[in-house]
Structures are given as structure tokens and as C-alpha cells.
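Submitted below is the structure of interest, expressed as C-alpha cells.
Letters A, B, C, D and E name the chains as they come in the text, with residue numbers starting at 1 for each one.
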Amino acid sequence: MNTILILEQLLNGLQFGLMLFLLAAGLTLVFGIMDLINLAHGSLYMLGAYLIATIAAASGSFWLGLAAGTAATAVLGLVLEKTTIQRFYKRDHLSQVMGTFAILLMANEAVRMIWGPQPLQLSPPDALAGPVELWPGFFYSAYRLFIIAMGLLVAAVLYVLITRTRIGMQVRAGASNREMALAMGANVRWLFSGLFVFGAVLCALAGGLLGPLLSVQVGMGESILILAFVVVVIGGIGSIRGALLGALLVGLVDTAGRTLIPVLFRQLMAPDIAASAGPAVASILIYVLMAAVLFFKPSGLFPARG
Amino acid sequence: MNTQAQAPLLDVVDLVKQFGGLAATNHANLRVAQGELHALIGPNGAGKTTLIHQLSGALAPTAGRILFQGQDITAMPMHQRVHAGLARSYQITSIFQRLTVQDNLALALQSRLGSSMRFFRPARAERRRYEQADALAAQVGLAARLQHTAGALSHGEQRQLEVGMVLALQPQLMLLDEPLAGMGAEESERMVQLLLALKTTSTVLLVEHDMDAVFRLADRVSVLVAGSVIATGTPESIRADAQVRQAYLGDEGSAAMAAAASTGVAR
Amino acid sequence: MSTLLEVSQLETAYGHSQVLFGMQLQIASGEVATLLGRNGMGKTTTVRSVLGLTPARSGQIRFRGERIEQLSPDRIARMGMAVVPEGRQIFPNLSVRENLQAFAAKRNQHAQPWTLERVYALFPRLQERHRHMGNQLSGGEQQMLAIGRALMTNPYLLILDEATEGLAPLIREEIWHCLAALRAQGQTILVIDKYVQRLIALADQHTLIERGQVVWQGPSEALASQPELWQRYIGV
Amino acid sequence: MPALPSASILDHRLQPVPALLVLAALAALPSLFEATDYDFYTGVASRMLIFALAATSLNLVLGFGGMVSFGHAAFIGMGAYTVGILMQSGSTSAWLSWPLAMLVGALCAAVIGAISLRTRGVYFIMITLAFAQMLFYLMVSLKPYGGEDGMSLMQRSDLGLGLDLSNDSHFYYVVLAVFALVFWAVARLLNARFGHVLQGIRENETRMRALGFAVYRYQLVAFTLSGAIAALAGALLANQSSYVSPAAMQWSQSGMLLIMVILGGVGYLYGGLLGAVAFLLMEEVLIGYTIHWQLYLGAVLLLVVLVAPNGLLSLPRTLRRCARARRAAPAQEKP
Amino acid sequence: ADQVKIGLLSTLSGPGAALGVDTRDGFNLAVKQNNGMLGGIKAEVIVVDDQQNPDAAKQTTDRLLKRDKVDFMTGVVFSNIMLAVAPPVFANKTYYISSNAGPSQLAGAQCNPYFFSASYQNDNLHEAVGQTVQDRGFKKVALLAPNYPAGKDALAGFKRFYKGEVVLETYTPLQQLDYGAELSQMRASGADAVYIFLPGGLGVNFIKQFNGAGLGQDMTLFGPGFSADEDVISAVGEPMVGMFNSSLWAHDLDNAANKRFVADFQKEYGRLPTLYAAQGYDAAQLIGSAVQAVGGDMKDKEAIGKALQAAQFDSVRGPFTFNTNHYPIQNYYLREVVKGADGKVTNKLIGTVFENHADAYVGECKM
């Protein structure tokens, strides 16, 4: 019984971590490579989820929704990049913070105006709706398994793309020294647009995949954005490898903390104190984790820029 | 010059700096005597800058000791070393880009005034310090640029400012990492003159690839190859050293020596 | 020989401070030209304008017969211009090998294109350090890398802005030899450096500038025979 | 040929004449509101000044020290809780609780700063956030002090001096006085040696170290001071709203504070004041008009950041530069 | 006065927005039915968002009280916001008619003459489920609620009437949306019934994930009315069928006032009303009855208080009277989510758990 619980928690942590990774990967690329602090990253995640949910509802097919919604988000990302984001590349971090925060506010309100304040419904495809029996007596949500598989796939693709291709090199070069990359002949503008759109696609994917688990609602991007930032920073800015490791770490610690800490506390102290302290401590666990990592490694686990 | 008699100002003992598998400093031993201008030369990547980093406290050595005025400063933080009388310049220009030339120098001078935990009296009221800054700017050839932002100076001018900041600290031992790099012929000449004048007051450890300057200025020369000091001696003996010629000088050494000799005669 | 680069009446300013006042420059294909002058006279600014990094206020720049003063730097670079910039400007977050490979191209189809192997042969040091990140190199190693990086694009015009800064004498010699070899292959080069005597031996023609204006232009022999010129404009 | 001499960016003049005019105008506000029967706005104005104080404290580390703290709301919260907890235990004196709040804020900042200052840049942003979140959850879990509900204060602090803080006008004047005093002190500090060092560190930390400055120590002192001021703002805030809750310590509040400073002008002496007032004013006005006020707030912020990249206070300089460029342009036409 | 001003402060943005929207729509419906009037005079309803943030709510309340000078306030959904908002409202001697939040503090020691609950005391719905689970003979129950005051009150209320074994009691952060970890614990705990108190979007997520994990096969799911209300049902759909929930109201409750309310609501907004809508509607009616009784004289606070206490209006939930602590004494029903004949999933009234039930805190109220 207990091993099953632990195993299930591991899978939960893995699933949560991989979803965080999808968000964090886009964030760490845009941030580490293009040197853009993009608070609107969470908004793309929200918009992606809304578009996917809307198309899925209209067409009755989750898969169609996922594909078309992701494509739509990519277009949206491109428009956003070409009209606004582009202007922020040469700015300092603080104007980026304010500019993208403004976009975040507007996106939230626009979604509320278009779709209303009520959460949207997005159901997993029928084939994945139920549990699967991984082995006798151990049931696990098929959908969560699917998410795990998708997350791993994206991680692999990303890693190769950024570290092994010339496009990846040029993008990284453009990030550290835009002027020099231009002087070497890189079309930095399009590289960055492409990368931003790529980040948007990852966002939409995460939004669409998480939609059936969480609710598709206004403001869904913010809390998860903070987590994604935590992941990015733990992993080391700009490092895909770091983002993956950080995401898994956060996913596992968070999941484990939520189950283990209250249990632990109940054994250690009076039930009513435990009842209030337990969840509070569980909530700060990932922040403690981040602070600890940064204390010992001030540039994250895999600092990308030496 | 008889420097062996008294205790050296700087004594580097068996210093090692490991970057992963690479020993950038590999059991280096170096002594700089009080009052001398000691040049440190060596091929690119020999570990000169890395050594300067360790002497100034920017990098912690993997092993070995650094003695300054007989005191072990191996673990001393950078800012304390400055106050102990050890200051450096950077090979890759490091100045306050957005501040004016005057402010750059005034800030450097401020460091000598002891604690800056002064929260009330306007710093601008310290007229003397700003006058000193102006004088210093003139000394490094930036008199006309006093109120310009450092970032708007040309590369060579920034190099001049870089040296000016170290001069401001009036250290007992000055660590100069390629001060002439990027300077034009005329500016180089002015800097050489400046260093010649400095020799009377200050001890200098000079890293430089400009052999002309090195042989004109140096009292002694050490050669660093692959992280270790392979030779130390007078400029003449170094120039004559076959190993050094092969590893570093090529045939430029002789030309530079000749030039140094001739200018020396001319003066 | 055809003219590869032609700069005329170039005026460039940073914000409201003008630096170039009618710069002129002509480089024929296969020629090695130099740009000489004191610190702060506008050598780098000329290069930046030609590259499109600091666009000129007015004036004309022709490269391979086309007007380029309105083009973006990356377009100009892809037309076959490469620079070894002042201060190296290595990509710190790319490894040595990546620095070389990221922008490798065969813009100028000559018989012996530059490849990773050839650059490594020229600078064995880089091969030894090929997995180091750009910012983990010594100053001189970075300089080598910057030169190698520019060569890897196989440009029509190679611009070296104080490319020997911080290089050890032996390596500096190596660079001069290399430039001579390049010249023999027909590579067009614009050099900015302070070793005038070396440049006279190497280059075909020279341009002396002062305060953003050309004060003298002429072939090596002429410059060699008028040392007072150097004295006056370069301070040697 | 040489560039025009540029003014030193190390100087931050108080500009006494406009400053006194602004002060006079601010002092006149309550009577103005009373006369027009809008006395509700006296409270709003107090709140703006309190946030201006908090934003100024953030600007001290952010704008002048280059330390982007994403956890300042926590210091505000600690100040507020100090007042709240003391009041719950029966001490209502402002002379006790406000200085103590500053002390608590300074202490928290010193501890958090001591650890966080090991990191740089975005890592610093995130580690300050982490500590703020820890304090946030700490207060959430403290049931005796209201936990997530927060606690309502029965009254405002007693200041004596014949002032009754429960009177909105009196309270406003006290807030104004505190703000003016702190603001003046910050201005002095910035132009003093300490301020120059702080800004030097912002510009080039490595060089400062090589010049012999104990960078870490100066940063820590600045961070601690800033924490104390933020906590003072918190103490005032608790009084203003008679309510203390962890919600005021949430990261979104820290974010809002950041936005205020950026809006006003990072590294401008008046950046915090202008930013806080502009932000809260916009919010106040927009909320009155539409439920979709965030859309318009976002649009305004975006506009500001596009036309005045360094905040509202950089606007004059940008405009001047534009004008000069326009004047200069025709001159370039002739050969 | 020629008009009555009501400040409706509710959660109109964020995850809890749906609840505030229904509250507002229910309230507005009542005003609309009366041609823009309440109690015979024109009603001005100022609707503002509390952003589900107590601090913002407090600011907004100040504005309503001091600038707009409202006569009544209503609308708050969440108890933590209610507790933040209450002191200034009471200090200003403005009547607060609760359309949902019913924290125990305000029912007991901190009860106040200016507070009337047109909803229920937080514990009541949970008590009703506790009783139900007890009656149906479940032996092991797992409990789940968010970590905020109402969450704790909820589980306390449940346990007041449920006497069996509680094998798991979990509190999650209010913002948490993924219950993977909690579901695993539930499975491991071997419970035969699960009781959740998860308002708004939280409940939607939980139920979806509960079914995704396959727990529905082994455990019966119970919840308070709002965890299985029409908004949740429309979001989750079929998987909800079979969930039991308690309520003080049901859309198929058989009385004239309710029939009219449900019909008009559907006509006006095109959806079935929820509990929040019903409570918002009743709050408006209660205010109307008091305004009527004092003849529109908003100055006479004492008379208004008396009229409110009398509660002379036709509640959509049938019989309705106020206890001495200004909380209602009313019936609590059991509903089940079923698939109707038309294929639509909806709640069906299946019985009464408590009749004329009061809350547990009235004794502590000295009023």
C-alpha cells in the first residue's frame, strides 16, 4: 500500500515537473538567450489554454483543439513579438518587467471580456479519461501518463535543438552580444521572433495539456509563472538541462512536501497546530529549496553563462 | 640592483590555480622586490592574468601562498588588499561607463579616504578630492575629457582611464595587466613616460606584450609559461635566454632591445 | 582590379557628437589597405559605419558594386564582410568550437576556403581549448578566436580592428605572416593597427586620418619615405 | 568633435524650490478635500504617500544600488504586523511601535540581505522573492495573529503631541511629515559618500571591489536601511487601513511596488513618489469608470514604457533629445 | 430618501469570479423584477470587485462607505474577506446583509447588530452532509478543504454530526488547483466516502481529477451544495453524476417564489441559477422588505434593524426566520446530481436533512 502511494507521488511529481518544464523551457530560452524577462509568458499559457479549450469545445475534439489552438497561439505570439516585445530587447530588465507586466494585465482583462469570468471547461480525450492499471492494484490516470510522455518528448527535442544546431548557437550568440551577432551575419530579428514563437508554442502546449487537470481561467498564468521562474533560476538561467532538472526537482519536492510534511507534523505536534503549520510549511518548501540552491550555487545548478 | 638582500614586497610561493583539469597557474613562484618594476611576460594563455587575479583577490588559488610585506594575504578579500597597498588594472577595460571621467577618478580617490559610511555631508563638497581627480586626468592625458562619460571615450582613451584609476589608489604595489594594449603609439609613449616617473615612488608588476616598452621599463623580467615561472632575470639575460626566445619572443625581442638601447642612449 | 569597397563623404555621429567629417576610403579587390591615426580619431567609427552598426548620417558606401549604407548589419555581413572587432567581442556563452562554427559560411568561393581544421592549424591553442567557453579564454586566446571566427565566414573583405592587441610577439608575428599569406591568396583586407612598420611591409595603401577626416592617402612606398607623416599623425 | 559634457549622474539634487512647492501643495490637500466635501480622499492621499514612502525605499536599493528586490512587500508586512501585534497586546504608542517596526524591518532585511547578496541579477530577484514568500507563509500560519484572515486593529496608534490619528487629516499630516523627513534623509544620503559608493557599485561592482570598497558591506547597509523604511511604511499602512494581513505581503504586492518605481523612474530621486502617486491615481480613477480597469491600466503602463523607457521622470529628457534631433536634422541636409 | 444605495462588493475577477458573478446576477434580478426599485424606492446598486484580496476589499469598502455613502452592503463571497471588511462597515453603522459568507466569528462572540446573514452559517451545509454520511452508514471518511477559515469551519461542521472514523484530513492552499498528491493519499487511506469543501473552480478541478484517477469507483463523493452547483456541473458534466450534496435551497424546490426566481433567472441569463444567485436574490429581497417597512427612511437605523430581523419576505428557500445572532433558522436539504430525462445533468432534490436548523454558535452571541 505504502509503496504504491510513494510511486504514485513520484509519478505525480514527474508529471507536474514536466509541465513546469514546458513553461520553464520557453521562459529560460527567452530569458537566458534573448535576455528578456517576459512576465507575459504566463499570459501566453493562459491564451493557449483558452484557445485550445474553445476550439476543442467547438469541434468536439481535444486533439484538434490542441493542434489548432497551439497554432493559433503561435500566430498570436508572432504578432505580439512583432508589435511590442521586439521593442523591449534592447531595453534594460526593468522596462521589460513593466512592459510585459502591462501586457499581462491587458491579456487577463481581455480574456475576461471575451470569455467571461467563469472558468472554461476542457476535458481530456475520452481515450485518456480514465485510469490505467499499471500493474495489479495500481491505478494511475492515463492522462497524467500521457502528459509525462509529452513532456519527455519535448525535453529531448529542445535539448538537441538548442545545443546541437547552428540556429541554437546563433540564437545564443545573439543573446550575449546582439551587435556582434549581427556583424557576423545572423538575422537576429528573425531568430528572436522564431524563438519567441517557439516559447509561445510550448506555453500553449502546457496550457492545453494542463487544461483538463486544472481549470482554464483568468489569472491561471500568474502563480505558475512564479513557479516557472523558480525552476529557471534553480536550473541556471538559459540552461535547458537546468530547466529540466529544476522542474523535476520542484515538481517532486512540491508533491512530496504536500503529502509528507502534514503527516510528519501531525506526528510531531498538536493536531490543530499541525493542521495550520503543515500546509504553510509545505507551501514554502520550494522557496526554501530555491534559497538553499542559490545559497550554495549563486548562479543555479547549471549556470549557462560561465 | 641589489634586491635580494631585503625581504621581497611580494612573495608568491608555489601558487596553483586549477580550472577543472587545467592548471592555469602551476606551482608558480615569483618575488617582486620593493621599488622595482618587474615585468611578467609569457605567451598568450600562459596564466598571467590568472596570476594577477589571484594576487588581487579576484580569484582564490587552489594551493600555495601569497605574501605581501611579509604578511600572508592568500585569503584576504580584495578590498582589504587594496587598503594594504595592492591595486590592479584590468586587461579588459573595467571602468564606470556611465560616469564622467572626473567621477571615475574621484570615486577611486574616495576609496583612499577610509570608510565611506558617510550618509550626510555632500561628497561634492570635498573640493580637494575633485581637484586631485582633475590632476590625475591630466596625468593620463584625459584633461580635455574630464566631464565626458567614460563610455563615450574611444577604446584607447578608456585604456588611459583604466590606468588612471589605479594610479589614484597610490598603491605600494601596482599590478598592471597590459596597460598599453589598445593605446596608439603616442599614447603608449606617454604611458611609458608615466611609468618611468612612477618607478621612483611605486613598485610595479607589469604584464605587457609590448616588448619595446617592457625592455625599456623593466628592472627585472619573469617569464611565465604554462602557469610556471621558467625564468627571472635582468632584461638582458631574458632576451638572451634561448628558451624564452623560442617560447615567446621570436625575433622581435632583439629588435625591441635594440630600439630600447638606442632610445636609452638618445635620452 | 575592381573596387571592392568605396566610402565617400561619410559623416557619422554618436547622438549629437559628430565623429566623421567626410571620410573617404577606397579598397580594390585583392588589396590590403590600412587605416591609421591616433586614439579617438574615428578609425573604429569608420569601420562601424561600413558594417552598418553605427549608420552614417550622410555619405555613400559601396561594397561589391552595391550601395550598402542603408542596409542592416546582418545583410552587409552576408554580402561578405567580416570583422575582427576592437575588444574581441567573443560570444562568452558559446564554446570555442561553437564560436567558430555558429556563423561559418562560404561567402567568397575561393579555392582554399577556411575550415575548422585550417583555423585550428593556424592557432593550435584554440584546438587545445576547443571546449572552453568564450569567457574562459585568456585575452590573447580570445583574440585568436575572433580572427578565426571572421575567417570562418570566408569574406570578400576582412576587417581587422586592432587585431593584434594583447597578442604575444610570437603570435603577432604569426598573424603578420598569416595576413601576408592571405594577401597572396587574393584576400582583400582592411587593417587598423599601431605597428606602422609592419603594416608598410604588408599593405598596399594607407589612409591617415585625424579628427574624422583623411589627411593623407597613398601607397606604402610613399609612406615609408615620409617618416615625418607618421610623426605628425600617428605619433611614432 | 568632442561630445558635449554631460551632467554627472551621481548627483540627485533635491531642488528645494519645487520641492517646497510640492510640499505646500500636499499640505493644503486635506483642507481642500474638506472644503469640497471629498474628505474620503484624504485617506486615499495618505495611502498614496505611504506607498510613495515604500516605493522610495525600494528605489534606494533598486535605482541607486542596482539591487532588484522582489520581496519588499514582506518588509512592509513585517512593519505592519509589528504594529498589529503590539496593539493586540495592548501597546498602542506610536513612539514604541513605529521605531520597533523599523527595527524589525531592518533586522529582516539584514538577515535576508546577508544571504541574498551572495547572488546577482535575476538570482537576487528570485531569492528575495523566496524569502518574502517564506515570511508570507509564516504569517499565514500564525493563527494567533489571524493567519490568512489577517487582523483588524481596534484603533490607530497613539502619537501624543495633541494629534489624534483616528482623524484622517491629522493622520495625513503625520504621514506627510514622516515622508518628507525620510525623503530628505534619502536625498542627503545619495549625495554623500555613501550614495556615491552605492551608485558606483550599481555601475560596476567588480571595479568597486578592485578600488578597495567592501561592496558587500555597503550593499547590505543600503538593503537594511531600505528594509527599515519599508517597514515604517508598513507601520503607517497598518494604521491607515486598521487592518493587517498576509495579503499585503504577497509577491504581487512586491511586484506592484516595483512597477511603481519603474513607472516613476528608476534611479531618479523623485521616482518613487511620482510612480506611487501616478499608479494609485490611475487605479483610483479607472476603477471608478469601468470594471475592466486593468485593461486600461495595462495600456497606460505599456504606453509609458514605450515612450519613456526610464519612467515618467525620463520623459523631459527624452523630449528634449527629440527636439534637439529635429532641430539638428535639417542642418545635416546641406553638404 | 428617494433612493436606497447598496454597495455590492463581490469577487468578480480571479478564480472565484463565477461565484461573485452569480451573486450579482441574483441580486440584480430582484431589483429588475421590481423595475429598478427595492422596497418601493429606487435602488442604486454599486457593484465593485474585491479581487478576492482582503486588502483591496478593505480599500473598496472605505470608498463605498465614505465616498458613495451606501445604505447597505452585501455581496462578499469569501469569509476571510468578510472578516476584513466587517469592522469598518460596523464602525460606520451600515447594515451588512450577507449573501454568502457566514463566518463563525460573526455568529458567535463577534456577532453584531449591523450584520444579517441571508445565507447560512458556514458550518451548516457541512453539518448536513455529516449527518447524511452518518445516516448512510459510511465508516471511513477522507476530508479535504482549502487552508483558510471557512475551510476549517467546514470540516469542523462535518465532524460535529459525523461520528465515524476520519481517516484523512487535508488542507490545501487556497490557490492550489492540482490535487494529484491528495488523491493519491485518499486512495491509500482506504476511505469509503470523501467529503470535499472546495468552492468555485477548485471543486471543478478536484472532481475532474477524482474521476480521472478512478477513485469514483471505490468511494462516494459528498460535498456542500456549492461544490455541486449548476456552474460546477456545467463545467465537469457527466462524471459528477451520483455526487451527494447538501443545500439550503434547490432549483427544483417547490414554492411559488422559487419557481418565479428560477424561471426569470433562466430567462434573463440563459442558465440555471446557483445557490449564490439564490442567496443574492434573497439578500435583495430582505433589503427590500426592510426599506418598505421604514418607508424609505434610511436615517432610522434602529427601525431598519428591527425590520430586517422580522424578515418579512418570500424567501426562495421556503420558511426563513432569523435567530438572535441574525443568522437564519432554516431547512437543509440533500441533493443528488442526476442525469435527467432530457439527458441533461443537474441537481435533484431528494430529501430534507435538517428542519429549522440553527447554528452552533448562537450561544456565544451576546446581543
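Simple rule for what comes next: a residue touches a chain if its C-beta (ideal position, glycine included) is under 8 Å from a C-beta of that chain, and two chains touch if they have at least 3 such contacts.
Because the structure is a prediction, the values reported are computed rather than measured.
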Chain pair, A-C or A-E, that carries the greater number of C-beta contacts: A-E
Longest centre-to-centre distance from subunit D, chain (CA-based): C
Of all other chains, the one whose Cα centre sits farthest from subunit B: E
Subunit B-subunit E separation of Cα centroids, rounded to whole Å: 76
Gap in Å, rounded to a whole number, between the CA centres of subunit D and subunit B: 43
Cα-centroid distance, subunit C relative to subunit D, in whole angstrom: 50
Multi-chain contact sites of subunit C, meaning residues that touch two or more partners: 14, 17, 136
Per-residue overlap in subunit D, given as positions that touch at least 2 other chains: 2-3, 140, 147
Junction residues of subunit E - those touching two or more other chains: 12, 147
Footprint of subunit E on subunit A - complex, ascending: 1-2, 4-5, 8-9, 12, 15-16, 112, 116-121, 123-124, 129-131, 139-144, 212-215, 217-220, 223, 255, 258-259, 262, 275-276, 278-280, 283
Subunit E residues within the subunit D interface of the complex: 12, 47-49, 53-55, 58-60, 62-63, 66-67, 79-80, 83-84, 86-88, 147-149, 174
Contacting residues of subunit D [partner subunit A, same complex]: 62, 68, 115, 118-120, 122-123, 126-127, 129-131, 133-134, 137-138, 140-141, 143, 147, 251-252, 255, 258-259, 262-263, 266, 292-295, 297-302, 304-306, 309-310
Of subunit C, residues touching subunit A in the complex: 51, 53, 72-74, 77-78, 82-83, 85, 89, 91-94, 98-99, 101-103, 105, 133, 135-136, 149, 153
Residues on subunit A engaged by subunit C in the complex (per definition of touch): 166, 169-170, 172-173, 175-177, 179-188, 238, 304-306
